[in-house]
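The first chain written gets the first letter, and so on, giving A, B, C, D, E and F; residue counts start at 1 in each chain.
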Amino acid sequence: MNVSEMIEWISVFLILIGAILAVISATGIIRFPDVYTRSHAATKSSTLAVLLTLSGVFIYFWAVESYFSVRFILGILFVFLTSPVSGHLITRAAYRSKVKMTESTVEDQLSDAIHEKEQIEGKGE
Amino acid sequence: MKTNNVILHAVVKLVVFIILTLSVYLFLSGHHKPGGGFIGGLVLASAFVLLFIAFDIEAIRKAIPFDFKRVAALGAFISVGTGFGSLLFGENFLTQAFGYFDLPFFGTTELTTVTIFETGVALVVVGVVVTIILSIVEDV
Amino acid sequence: MFTVNLAIMIPFLAAALVPLFRKRTLRIHIGWFVFLVPAALFVYLLSYIPSVSSGETFVHTIKWIPSFDINFTTYLDGLSLIFALLITGIGALVTIYSIYYLSSNENLKHFYAYLLLFMGAMLGVVFSDNMMVMYVFWELTSVSSFLLIAFWYHRKRSREGAQKSLLITVSGGFGILAGFLMLYAITGTMSIREVIHTVSVSSEHALFVPAMFLILLGAFTKSAQFPFHIWLPSAMEAPTPVSAYLHSATMVKAGIFLVARFTPVFGGEALWLYTVTSIGLITLFWGSFNAIRQTDLKALLAYSTISQLGMIMSMFGLGSAALQNGASSQSVFYTQAAFAAVFHLINHSTFKGALFMVVGIIDHELGTRDIRRLGGLASLMPITFTIATIGSFSMAGLPPFNGFLSKEMFFTSVLRILEFDATWQTWVNVIPYIAWIASVLTFVYCLLFVVKTFFGEYKEEKLEHPAHEAPYGMLFSPSILAVLVVLIFFFPNVLGEHLITPAMASVFPTIAGQADLGVHISQWHGFNTELFMTIGVVVAGIVLYLTLPYWKKVYQLFPEKWSFNQLYSNILEQTEKRSKAITNSYMTAYLQDYMTYIYLFFILAVGGLLISSGSYIIDIKQNNPISAFEWIIAISMMIAAISILFSKSRLTAILVNSFLGYGVAIFFVIFRAPDLALTQTVVETVTTVLFLAAYYFLPDWKKEKEHRRSKGLQMAISIAVGTIFTITALAVQNGKLFDSISSYYENSYELAGGKNIVNAILGDFRAFDTMLEVVVLLIAGIGIYAIINLKDRKGDAHIEDK
Amino acid sequence: METLITILTGVLVTVATYFILSSNVQKVILGSAILSHAAHLLIMTMGSGLKNGRIPVLTDETGSFVDALPQALILTSIVISFAVTAILLVVAYRTYRATGLDNFYDWRGYKDE
Amino acid sequence: MNNLLVMPMALPVLAGILLIFFRNHIQVQRWTSFIIMLVNAGIGLYLLQVIQTEGILRLDFGGWEPPFGILFVADSFSILLVITTSIVAAVCLLYAFSSIGESYEKMFFYSFVNFLVAGVNGSFLTGDLFNLYVCFEIMLLASYILIVLGGKKVQLRESIKYIVINVLSSWFFLVAIAYLYGSIGTLNMAHISERIAETGQTPLLTVISMVFLTVFALKSGLLLYFWLPRSYIVPPVAVAALFGGLLTKVGIYAMIRVFTLFFYHEPSITHTIIGVMAAVTLITGSIGAVAYKDIRLIATYNVVIAVGFILVGLAVGTPEAIEGSIYYLIHDMIVKTLLFLLVGTVIALTSTSKLDEMSGLIQNYPVLGWLFFIVVFSLAGVPPLSGFIGKLLVSLGAIEAGSYVLLALALISSIFVLYSVLRILLHCFWGETMISSEDEVPLNKGRLIPCLILTGLTIGLGLGAEYLSPYVENAAYTLLNPEVYIDAVMYKD
Amino acid sequence: MIQTILYFALTLFGIAIAIALFRIVFGPSLPDRVIALDMIGVNLISSMAIISIIIGTTFFLDVILIIGIIAFISTIAFSKYIERGGIIERKRDD
């Protein structure tokens, strides 16, 4: 097994890990009880999964076809960048649109914070 | 309720920049690789859409003071114009030409009239998509 | 060169010039200028008599649409000359009459323009040799008659009468068109003369008899034959000069002319003989029968015209007996009927024209023409009375008036047909009786006309104006006609030899060569059956007249609502009502109904043919293998698609639609289409944004009220459409007939300098599509801007929102 | 493979038809959007060499390409569908705002016009 | 060089685009559009002459030889229609000048008209099936906008139905193209014809032809005309007239083209179905035409009847019948536009569209009344107006082919046409005058002159049918002999 | 072997997508569905990348990344819609 084959195997391995992670995070998305917890599964682990897979693919092409694309790296970075943001936004939207949390939720700090802020503003007027 | 969009704005500014760059790249590489006028235009348009979503119309208007209807019309004019252009050279309507030129710095470069045509296409796509979205949103 | 073609055109030109006359600059009534046209033409046509009576004919052609054998060919022979003389002669007299009849407050320019239009059209009909050109003029006569009937268009009855006459005559006209076209299809020529020459061959053709009936349909509608007669009484709403001219003397005779013209073609058919004769006799009887019950003088005359037209028609029918068993010199025996027909046609024009003018005078001077309000006018209006008497007695068939001669000849004809070896002998045997009864009825209404109007009590209180004699100008035309009525009685053979005999040669060209078709008309021909019949008519007529109050109840057996007239109105009314019901039943204005129709059509046409042609062969062997991933995506997409159906919120639906879009993109990737995958995703995203933007303005899905349609049908249609779509697609994939042309594009680098083939196709090979697509986008963009920014202006909404 | 995709398009068409036959205007528009997906996939399956061919971009490799013409057609068609969907949406919501109603049953208009 | 061929489409497109920049220069917009239409008519006339001497012309865009590129093919049939379209459009524009209103004109009205005409002309000229689809789309999109423009309640309500139905029909078109491409592997119309002739029309191809039939039946309003009557009555007069004159005709053109060029091998199936559809259209159209008291609906149902009539010619398929269809098509484009203009003018003058709410208009507007009078008879095909020769030839064809039912229906429908429009004449124009001279809305020349021009044309076409006959004959010959078309497209130089 | 693993990985992504689809279809809340769609988008990118290896082409690589970024737009649009109803504002009020 020469180096390039090694790298090829590594890349494939990365891809496989990514795929497995994707399935795991997908499991999360049905198993978790409410939207806030599900968004963890969807955005965090999923991002990792895609990151691994894409890296694997990138390495594969670099090793096998000696195709090195800066745009691809940029792309990976940006998927990495946008995915959490969208997760953040959608969760916030969910919160704002008053999607119920699961019953096992212990604490809702944001609610307190907003509550507090509104009270301050109310006083100010 | 006021929202804090710092994260969104920060990311969008970066992403839009990337999309713009990539759209230009896609547009230019379209002749030999996937891409082209349509796709370039669409991607560019989606960058604008992203801007509109993340910011607000007034702000973007100030930054990019185009009348997108005219952009679209200009694009269409360019596209159709290349058709008429070929008449000037006594060719059939819409005949495209390409050639290889030795340019300083760039080396042997292929220059084609398709590029002009596709520029028009891209402009129309951008102009129209933005016009549509803006028209809908601005309707009161 | 002054040809017959020009003679036809002159009235048209004059009609075009009439509106240009300025009332102010001319002191003289326009009518006098108009009068010049028919008068000049009459004189001109008279000059043809010598040559025509010596057997000459004149043909002249001006090319119109030679590609389809439609040429403006005129043919002047005996038959057409008689009609043309009637048209121009009576036209001239009517014009003079109208000058006094119509006050200058009326819209004279229109009146005379229509009149001239009619004159030209009528001349065109009689002179045309080309069937299509004849049809053209034929329809023009209908149109001009329509205009003239509706001359006082502010009257409801005028409009209705005009509409009725137009609908009936134009429908008949379409029959003629079809008949002519069939003849053309059989013979390959549009010329009537040539059609006549080929008749021996063409009569074998299957279309020959249908063509005959279609042409007869036209002739019958125009000549107001039963049951199409109903338009004629309604047409009496026209000014009286029009009634006298069009609706008694000329236009209604166009149908008779057509029958005469086509006797050489169809006369050999037994059906022709029976149809023409029977319809003519029925009309004769029905017209005279109904004339008696009329109280309006014009209506009485209208029905009498119907009756007389029926008589002439039946005589032409009887005359065709001569052609039944091959034309020979023996058959001359029967041709006498046609001779009588032509003779009576002339006579009828004279006396009926006079009578109409008389009624016009009465109407004009007294302000009414209701028989119940008239009486005792004989001494107050002596000249009118004289003319009326002459006309009526001629119509009744009394000597010494021309009507007597032709009525006698009519009796001769019906008696002669008894000798004809007919297939329907019983029916033939009845003919003389019908003829006789109808003649009796004719006598009765003639008596009614004269007696009720001019004798009895003078009821001034019922009149609008006191009775007095009409101005001489108005009396001029009827007097001339009355004089003619008498003159013809005394010198019938002048007409007979110079005009009718040449006309007979046109009607019976095959016999003309073998025997003399002329008939010597004599005022006295001994005590024969005909004379006794006439005496019988007089006796029975007087008896019936005197007993009229007793048997008038008969008419109650035919109440108004059973009449054909009522039938016509009912048909129109019902048509409107029913058609509205029918149309509303399927034009529900509900889009989903329309969609259902469209899909049903698709299912029937495509699905039906798919099954019946057996082209649903599907073979999946050549398919590429499917990987697990593809299975998963495809099945996911199917599930997603189906799940949209159950989604309760539109956002879910749009999300699933996005998923479908992504799925499609994935398949584009699998199918090696990077450009497409990219475009699809971007467009999908932009579309989603668009949906979301529009959703701001649209309400959320409510629980859908299903209107009328069961969901079952909706489901069934969807499944059927989907299935047919799929099976056809599979069959197409299975049965590819040719390779695609796209291998050519694989040289795109050499041809177009691009390595991306898709892009090269879009930008170069099929750049035109792309250019237009750009235009499509531009239209959408600018259009949406325009739609949104052009708000409805309140002032405009009124019409539609009512 | 082609068969699977064709069946998929068939399902899409069925669903879209069902939507188009409903009276809610938004469902109808959605239906038309799904219809265009189906049409594009259908055109794709009509090309030859679906999974065997190479991407229709010239490289140094050899081998047959997939059918490039359908791809060009689909690209054109995608853009047109987008334009039409946009117009439909805009007209739909303008109609809603003018009439206050959002389904075709209420948009029948007056029967005896 | 045949570049002239693209002008009937390219010039309006270019004008439409450029006029967007001249949004506020209404006079520029007006006269540019008008002149473009006239120029197109002139180009059409010139091309028509050239075709007579040189045969079918073609223009390969980008110089790509058929069947690989897109091309425009001009035979007599398409050029005749292009000329008529240009004239009709010019007249409608003339009418629009004085009636449409500034708010429309500033909303790119003239651009859309230009695009519409471009789409129509392109559909007539194109020799590529997919390009036909694109041209249809241009025409349809422009029509969507034109029908909605104004934004009145009814307008929106009806136009959304119009749009949805046309979206569906466009989808069917796309599917049909996909099927045909799948089995024949080409898009060039001549090439398709050639390939089909080579293998024969397999049952499957006949099935595909039914999909095409569905599409064109929808577009032309043959049997599937449900969308037509109400959607044509909502837009402004000039637009309605343009629609009534042009839109369905494109569908008819496409139907004739497709079923004479591609699917002519199995007439016993396809042409019979078309014949049945035409018959049903004639019947239901006739019923609809007499059903309503709204004069606009009467006019729109007359459009339906004419569609049935023209396609009787196609169903019959003899040379005479096809010639008749072409004559009638040209006649119908002109006279339907005229009818819509007149009806629209009447409504504009009286502010009502109901038959029984108006009367005696001829007293107030004599010229209008007489124009309507002529239209009545022209529509009914009464000679010597323009409808006559077409009706004659179609009927003759039906007789020769032995389609007596179609013949009877065609003629009977003429009676219904006559009756339906006669009612308008009798009720609206004749009768007691209701409008006193003070209340009279003045009828400006801008509305009258376009009607006069079209009336002149209908009379001229009737009397001068001979001048048209060589062209029509040539057009019918090409339609009936597809090899002429194929030769010209595939093998000439 | 590598091919098999790649196919296996691809199938796993397919399963992930199918599972996410379950969330889209059954919700229950809208954000749930949007999150699921976002996840599908990300997984699609991965799948496309793997397919690129299987097909053996680099042409998709440029493309798929743009797809990833573009998919981001629809998520943002959805979240804005959920939060505010309108996705684009004329003038921001904050």
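Everything below uses one rule, namely that contacts are C-beta pairs under 8 Å (C-beta built on N, C-alpha and C of every residue); 3 or more make two chains touch, one makes a residue touch a chain.
Being a predicted model, the structure only gives us computed values, none of them experimental.
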Shared interface partners, meaning chains that touch chain D and chain E: B, C
Length of the shortest touching-chain route, chain C through to chain D: 1
Far-end chain from chain E, centres as C-alpha averages: A
Between C-E and A-F, the pair with more C-beta contacts: C-E
Centroid spacing, where centroids are CA-atom means, of chain B and chain F in whole angstrom: 25
CA centroid of chain A to CA centroid of chain B, Å: 31
Chain D-chain F separation of Cα centroids, rounded to whole Å: 21
Sites on chain C at which at least two other chains make contact: 584, 589, 591, 595, 631, 670, 672, 674-675, 678-679, 682-683, 685-686, 689-690, 693-694, 697, 725, 729, 732-733, 736, 739-741, 745, 755-756, 758, 762, 764, 766-770, 773, 775-784, 787-789, 792
Touching two or more other chains - residue numbers and ranges from chain D: 20, 25, 28, 42, 45-46, 54-55, 57-58, 69, 75-76, 79-80, 83-84, 86-87, 89-94, 98, 104, 107, 109
Per-residue overlap in chain E, given as positions that touch at least 2 other chains: 13, 17, 20, 61-62, 130, 134, 137, 141, 144-145, 148, 151-154, 161, 164, 168, 175, 178-179, 181-182, 187, 230, 292
Topology of the chain contact graph, where touching chains are joined (line, ring, star, complete, other): other
Contact pairs between chains, per stated definition: A-B, A-F, B-C, B-D, B-E, B-F, C-D, C-E, C-F, D-E, D-F
For the chain B and chain E complex, residues of the former touching the latter: 69-70, 73, 76-77, 80-81, 83-84, 86-87, 90-96
Footprint of chain B on chain D - complex, ascending: 57-58, 75, 79, 83, 86, 89-90, 93
Complex contact set, residues of chain F against chain B: 59-60, 62-63, 65-66, 69-70, 72-73, 76-77, 80, 83, 86-94
For the chain C and chain F complex, residues of the former touching the latter: 627-629, 631-633, 635-636, 639-640, 643, 647, 649, 651-652, 655-656, 658-659, 662, 665-666, 669-670, 672, 674, 677-678, 681-682, 684-685, 688-689, 692-693, 695-696
Of all residues in chain E, those that touch chain C in their complex: 13, 16-17, 20, 61-62, 64, 67-70, 103-104, 107-108, 111-112, 115, 118, 122, 130-131, 134-135, 137-138, 141-142, 144-145, 148-155, 161, 164-165, 168-169, 172, 175, 178-179, 181-188, 191, 195, 199, 202-204, 206-208, 210-211, 213-214, 217-218, 223-224, 226-227, 229-230, 234, 269, 273, 284, 287-288, 290-292, 347, 351-353, 360, 362, 377, 380, 382-384, 388-389, 391-393, 395-396, 399-400, 404, 407-408, 411-412, 414-415, 418-419, 422, 426, 430-433, 465-466, 469-470, 473
